[in-house]
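Got a structure for you, written out below as structure tokens; questions coming shortly.
Read from first to last, the chains carry the letters A, B, C, D and E; within each, the first residue is number 1.
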Amino acid sequence: QELKFAPGEDAKFNWKSYEDFKSAHGDLKGQSLTLFGPWRGEDEVLFNSVLAYFNAATGANGKYSSSENYEQQIVIDTQAGSPPNIAIIPQPGLLADLATKGFLTPLGQENADWIKTNYGSGEDWIRYGTYKGKDGKEAYFGFPFKADLKSLVWFVPENFEEAGYEVPKTMEDLIKLSDQIVEDGGVPWCIGLGSGGATGWPATDWVEDMMLRTSSAETYDKWVSNEIKFDDPAVVGAIEEFGKFARNDKYVAGGVAAVASTDFRDSPKGLFDIPPKCYMHHQASFVPSFFPADKELGVDADFFYLPTYASKPELGTPVLGAGTMFAITKDSPAAKAFVEFLKTPIAHEVWMAQASFLTPFKGAKTEAYANDTLRKQGELLTTATTFRFDASDMMPGKIGAGAFWTGMIDYVGGKDAKAVGGDIQKAWDGLK
Amino acid sequence: MTGVVLKDIRKSYGQVKVLHGIDLDIAQGEFVVFVGPSGCGKSTLLRMISGLETITGGEMLIDGQVVNDVPPSRRGIAMVFQSYALYPHMTVYDNMAFGMRIAKESKEEIDRRVRAAADILQLTPYLDRLPKALSGGQRQRVAIGRAICRDPKVFLFDEPLSNLDAALRVATRIEIARLKEQMPDTTMIYVTHDQVEAMTLADRIVVLSAGRIEQVGPPLELYERPKNLFVARFIGSPAMNIMPVTVKETGAVTTVSLVDGKSVIVPISTETGANGKSASFGVRPEDLTIATGEDYLFEGKVSIVEALGEVTLLYIEGLSAKEPIIAKLPGIIDVKRGDTMRFSADRQKLHLFDADGQTYRR
Amino acid sequence: MTGVVLKDIRKSYGQVKVLHGIDLDIAQGEFVVFVGPSGCGKSTLLRMISGLETITGGEMLIDGQVVNDVPPSRRGIAMVFQSYALYPHMTVYDNMAFGMRIAKESKEEIDRRVRAAADILQLTPYLDRLPKALSGGQRQRVAIGRAICRDPKVFLFDEPLSNLDAALRVATRIEIARLKEQMPDTTMIYVTHDQVEAMTLADRIVVLSAGRIEQVGPPLELYERPKNLFVARFIGSPAMNIMPVTVKETGAVTTVSLVDGKSVIVPISTETGANGKSASFGVRPEDLTIATGEDYLFEGKVSIVEALGEVTLLYIEGLSAKEPIIAKLPGIIDVKRGDTMRFSADRQKLHLFDADGQTYRR
Amino acid sequence: MLAQIASAMGVVVAGVFACALYYWLSDKLLSVALPVPEGDARKASANLNRRATIRPWLFLGPALLLLAVYLVYPVIATFILSFYDRSGGNFVGFANYRWAFFDAQFRQSIFNNILWLAVVPAACTFLGLVIAVLTDRIWWGNLAKSLIFMPMAISFVGASVIWKFIYEFRGGNETQIGLLNAIVRAIGGDPQVWISLPFWNNFFLMAILIWIQTGFAMVILSAALRGIPEETVEAAVIDGANGWQIFWKIMVPQIWGTIAVVWTTITILVLKVFDIVLTMTNGQWNTMVLANLMFDWMFRGGGDSGRSAVIALVIMAAVTPIMIWNIRQANRDMGDH
Amino acid sequence: MSAAASLRRIGVPRLILHASVLIICIIWLIPTLGILVTSFRDAGQITSSGWWTALTGAAETSAARLGDPASARQDGPNYNISGSVFDGGDVKSGSVVAFGTRVAAPTEFEAGKEADLGDGEKLTVNTDGSYFYVKSGPFDDKRGKRIYLSITQPPNFTLNNYRTVLTSAGIGQSFINSLTVAIPATIIPILIAAFAAYALSWMKFPGRSLIIALVVGLIVVPLQMTLIPLLTLYNDIGNLFGVSSRSYVGIWLAHAAFGMPLAIYLLRNYIAGLPKEIIESARVDGASDFEIFVKIVLPLSFPALASFSIFQFLWTWNDLLVAMVFLGTGKDQLVLTGSLNALLGSMGGKWEILTASAFITIIVPIIVFFALQRYLVRGLLAGSVKGG
């Protein structure tokens, strides 16, 4: 495969890191490396463009593949004993599970140390890659590469301009703005929880963001580890905070009934309708790929940070995010070398320069970002005072990708927040 | 008057004309049998009377009413199908009761009529069986019973016995004859291939051929005075022996000459115009006897002898007709293949047909 | 010697015993017909000879060899099934060639034999047709042709004509008779329901009843001297009239008295032991004649008259047997229902059976 | 490209050929091992009989082997796994069964499954029957059958997209892009979120499977209907029965056997169905069925092999009555041959 | 003849019959029609209007940007900009019904009439899209002014979705892969099942009804349950012989086995119903069971075989899971369903691609269906009816 950017040409890339890596690992000629991950479509093309640099540098034959049945496939493959060399895993919960079952090769302390020094909120990132192995000892398994930023609110600047709205700086302002929009005869929010088999998950992002804006990061961590119950007042409070938006008929496009059934992929399109269906949309950094094709980021659409309560300054500016972890499911020199490759700035910059890639890696040049919007997000990620990983992704699969989703659907459907929390907690108890 | 009247009834399937104008009056209480070769339209005609087949042209009256557009169930008919057509999933009782249940008769009435019919047909012990547990003859009786229960004005039978073995056939035939006696006012129309059935059952026989009526009349009339060659050959088994002849002399009696040159005098009057024309001379196998003197009809070589016990069939060759001449002689006769024999017959029982196959007999 | 020998052959399906020990010697080239009422085990016996049915007990020999465990294909037999059993997806030619192809005969040999068989059966024009494009009679001939091609030592027919209509039945029967003549060394075993077939075709008839042999013998012997009541009633149509009698006098001739008290002298010798016992007296319908003088056999009231043209059937009541007595008289007879008539018969043709149904005739 | 096609064709032909070769070779081998000498009639027939005892197993062999390896062995493995914990490493006795017994979601799934079993096979069979009867009577019946069969050819993913455009809900006054809501709106009703309507949403999911499977039932039943003797129907016409009565009292009872087979097949399919639920709701809004629950426990978040095994066994146990019925049927058939 | 009588001639019941079949067909067709129409629409339209509206054409509101202020011409004290809204708008053609300058009121003004926007600004947008924008002073915005339009468009269909799908990389290879999987995976199980079905209906051996029961029971085994044990087995065998555990043979056998119980069940129903005499007759003719099967039963069961092939083909063709597990997920092993799925992106949701690919995948099964349909009519379970 051709290299997207010819080495050495563009100064915004760290070409030196590429050359260094090449000289250190040029001895893998013909070795094969299989990678299996969740990226399909455009993401797959982009990742392949990154992989091409690895292949070119080492002479190895790295092949990436993916599948719609990604989650089943990795379970089947690891259990049956024919895993890929490297599995790219978006959910820490799944990573933990694979680790406990002994399917993962630890990455070693030196990688953990490297993350600590080179990633923004490095300590947190290490935590999300460290789990008990089959032997019961904690070890570092998951190398984070490619992050998503969740605490974002998307809007159309021209619509704001025309109506004279300002980007809110505090949560109080945000609520005031929402009321203002309602008063002007508009609808402030588009919320869509539909996602076929995964319906409900966008609500978990809302709740997590609210959790970080109403409770401390430590409470959040306890929630993730179920040290506090799901029906703890802190959690119920966060759910109800989400309810302020999602369960307010005046606030959401189509009314509350539409929330659960609108597809999350269709939902942001409401921003661009004429007249606009809504003015704001809370969603992670990947969402522009669902904007209509001709919308230019930064001009036709932009985002702002989901603000915090002015009344709770002690919580700082927490950032909710997610990321994919690279884990070695079948060890080989090429697999080790690939982890080394991920430590080079160039591995990040190639993707950054194309689209939809954020990295907490401080060594990657921010100039490489394809546009300002991405750059702004990247900076949010590297400068966040508190970074927390998506809670639902870290909870056990049955909860984070099951009971939590279902609970949120029930909640939007009118069920009491406390009862919903209780249900989820019951499911969690059932796992023990 | 519950007769059936057919006025110029026609039927075509698309382009194919099957019936070419049938005119027939059937009186109330009459037993009429349709016979004819396979494919001549017997079943079609019967099915048109029943209403299962639409009428392409002409008019049909039952009981004095035009019924062309009346659905089957309202024509007051009952039909017995060739293949029984019993409902395989119902018991004999239910098979017979079905029509009445559909008509919402009372339970008692149904029971009364089913039992009466079962009684007539000696089916009472089988009322609770499914058709598959019955023998062929019993099944056919159930089919008849089902028809009786409908208490029809007109009873239609389509070759009801053709699926039965010989013994059952005889027994069931007698049953039908008895039935007719018990229901003197019911008109019965019966289709068959079988000679014997037609002869024994019918008040009148209708001989059909290729969608046309060839002759209508009482059985013996058809046997003794067939109107044409077709009827002559069709009625009687084995069929009438037909020999090509040339008319030699006409008048009150007619002289004809056989292929081998021998002359025969037939006591049928012909007009002079017939002189010298070719004709067909017919004699029934059972009317032939072994000639004792010189006064014989014809002679021939025996090619096959079939001794059936009660009668003996001789197949005689050498009279140049494609088929052998058959003689049916009573008892067991001691002849061998290859014997040459002479035969004579009662002159009154000879038949003569013109070149078009119409009888010379008036 | 390619005969078939059955020694105490038995068959049971689970608990049900179907055949109770059949002993039979069939000589090479013989034409044997099995007759018997439905369900008596004819087909079962035939299928055991063919090897399609396993033998439960006894021994079967073909050509002097025990074949109990020999599979059908190695017994040198060919079988014609009641339902043709043609291979619907093969042409007539292929149907006939199938067996030889399986046996890996040469192409030329196959062709020669198929064409020879087709010739015999007049099937040559149809060789390229599929069975569905043939009429019933032609299909049956193909089935026979297929069997011929196998050039079997033993030819088995299971009611081959029962699916045909009357005319075809006669024609095919003659075909089979002709076939037998052309294959004089082939043993043929033939199952039928039909009297006429049995009488005309068989060298010997085997009468079966309920899994046992009742009588074996040439057709006329069975007709004239039935061993027991069963055979007497089974052979002949309409069946022999049987009347319950009491033996009055024994000796060289026997005197019996009918239910109405009238005495009849039967020229059959009986022993004194029989005196006073009840017996059955039989006379065939076709042996009855109208009595002219006082010397009559019995009298009775005519209940049904069936004029068939060639013969007339009279049903006579009043002799207390459940079934009416039937008289079959030649020609057309002018009698009416209700007439009382007297009948006589040739004394030589009377039959007498003891209380167990065995004939008194030695 | 050509080379790829050629090699693919080669592989296909070789594969099919190898399979056919097995039967041919094994039969040849059998005849070589047990020869039929011309002279020795006794030995010949003994060998022929021996062949006849061995041959069924040659014929059945590959099928039994495949069934044993691909189905029986996993079933046994599943059975064993049902006594182990989530990783399959530690024996836990009946704990998984106990869990299933008390689990609310499990109960919900059973309830829904019963609902599915009560509705879908009946609906498919009934609709298939009605359509088969009706289309047999019209000249464009074959075209109609093709149209109704078409959904069978659409993949489940395709099918769920299709139905998205039927059930989709848009709130407020927005234009509806779901047909059902557009119709409801057009006749003046309130649009509904069909797939989350409690209880009824099960039926909306079932509609999809019915839409797909009716073609199957129709094809098979239409073949059976043609086996009904025309005369029995005509006899009923003369007896005065109307179309409805003929259908119910004459036709249906006569093809009862086939109806049972269709019913069985669809019942089993329903027990296995999970694609529809997965893509439409993933069991949320109380639409969970056993197959989905099993899938969930097996794969979600690394999986729990013990509990999913228990659910799988419950699904398999559900066919026991059908199996018994079929054994009876098979034994009855045996009598015929 | 009265009207009622003539109606009776045609037959009211027949009219009802035709009408009801037509209605059923339409109901059955609607979903399919929906997906077909959708596959020819623009991505944007799919989620903004119902597919049925695509057939008629509908008014749509959209935005357009007027010419850049720099392009303004001075005309006395006035400055004006003119052009066509279709040059810079989202919509490229159609006829303008109304326009507006505020997003909250996008259809404020009727097309062709001059709108007074205050500040001495006046704007006219004509039906054909041409506009004239005039201001009493110079324009001072940085960018062209955004206006909103209601535009009616004729029905508009595009082949782009199909082009995207058909030209995507690897689609040809995966098409061949799919066929390589599906054809043997259809033929092999049918062959094996037919042999077994024959043995189970016409050969006598101990344990026959038990095997039949087993087969019926196995129809229900959930596919997912078997994957892990089987793949483990495959890997063990692969390791033992040092070959890849993922091969076409592997997936054929897997598909064959998964389809086997139903195949045996349905085929046995048919084969057992063949006339007994034909088989006995062949037996008398000296044919062994093998020959009977190949020469008699196989040709006669063609209807049943053909119809089951349709079903089996459908399953293997539309399958993704089994292919992924037993064949692998690499680019050159991907089957058609797999590579089409990859086009949907990590988050899915490209309805236009989904619908187009649904129609592309349906083509082959439909061809198979039509090719075998005439057998299907008498197909499958004809044998389950005695005498059928």
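Everything that follows uses one rule, which is that a contact is a pair of C-beta atoms (placed from the backbone, for glycine too) under 8 Å apart; a residue touches a chain by one contact, two chains touch by 3 or more.
Listed by chain with UniProt protein names: B, C = Alpha-glucoside transport system ATP-binding protein; D, E = Alpha-glucoside transport system permease protein.
Predicted, not measured: the structure shown is a model, and the values here were computed from it.
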Inset, instruction - Check every other chain and keep only those touching both chain A and chain E; list them. - result: D
Legend entry - Intersection of contact partners for chain C and chain D: B, E
Inset, instruction - Please give the pair of chains with the highest number of C-beta contact pairs. - result: D-E
Inset, instruction - Work out per-chain C-alpha centres and flag the one nearest the whole-protein C-alpha centre. - result: D
Inset, instruction - Going by C-alpha centroids, which chain is farthest from chain C? Tell me that one. - result: A
Legend entry - Turn needed to bring chain B onto chain C - CA fit, degrees, nearest 5: 175
Inset, instruction - With chain centres taken as the means of their Cα atoms, state the distance from chain C to chain E in Å. - result: 67
Inset, instruction - Calculate how many whole Å lie between the centre of chain A and the centre of chain B, each centre taken as the average of the chain's C-alpha atoms. - result: 93
Inset, instruction - Please work out the Cα centroid separation of chain D and chain E, and write it as a whole number of Å. - result: 21
Legend entry - Separation of mean Cα positions, chain E and chain B [Å, integer]: 63
Legend entry - Per-residue multi-chain contacts in chain A, two or more chains: 72, 75-76, 79, 196
Inset, instruction - Could you list which residues of chain D touch at least two other chains? - result: 52, 295, 298-299, 305
Legend entry - Complex contact set, residues of chain E against chain C: 275, 277-278, 280-287, 291, 295-296, 299-300
Legend entry - Sites on chain B touched by chain D in the complex: 50-52, 71-74, 77-79, 81-90, 98-99, 102-103, 146, 150
Legend entry - chain C partner contacts - residues on chain D that touch it in the complex: 36, 41, 44-46, 48-49, 52
Legend entry - In the complex with chain A, residue positions of chain E that touch it: 43-44, 47-48, 61-63, 90, 102-106, 146, 148, 224, 227-228, 230-232, 234-236, 238, 245-246, 320-321, 324-325, 328-331, 334, 338, 341-350
Inset, instruction - Spell out the residues on chain E that touch chain D in their complex, using ranges where they run on. - result: 13, 17-18, 20-21, 24-25, 28-32, 34-35, 38, 46-53, 172-173, 176-177, 179-180, 183-184, 187-188, 191-193, 195-196, 198-205, 208-226, 228-230, 233, 248-249, 252-254, 256-258, 260-262, 264-266, 269, 272, 276, 288-290, 293, 307, 311, 314, 318, 337, 341, 351, 354-355, 357-358, 361-362, 365-366, 369-370, 373, 376-382, 384-388
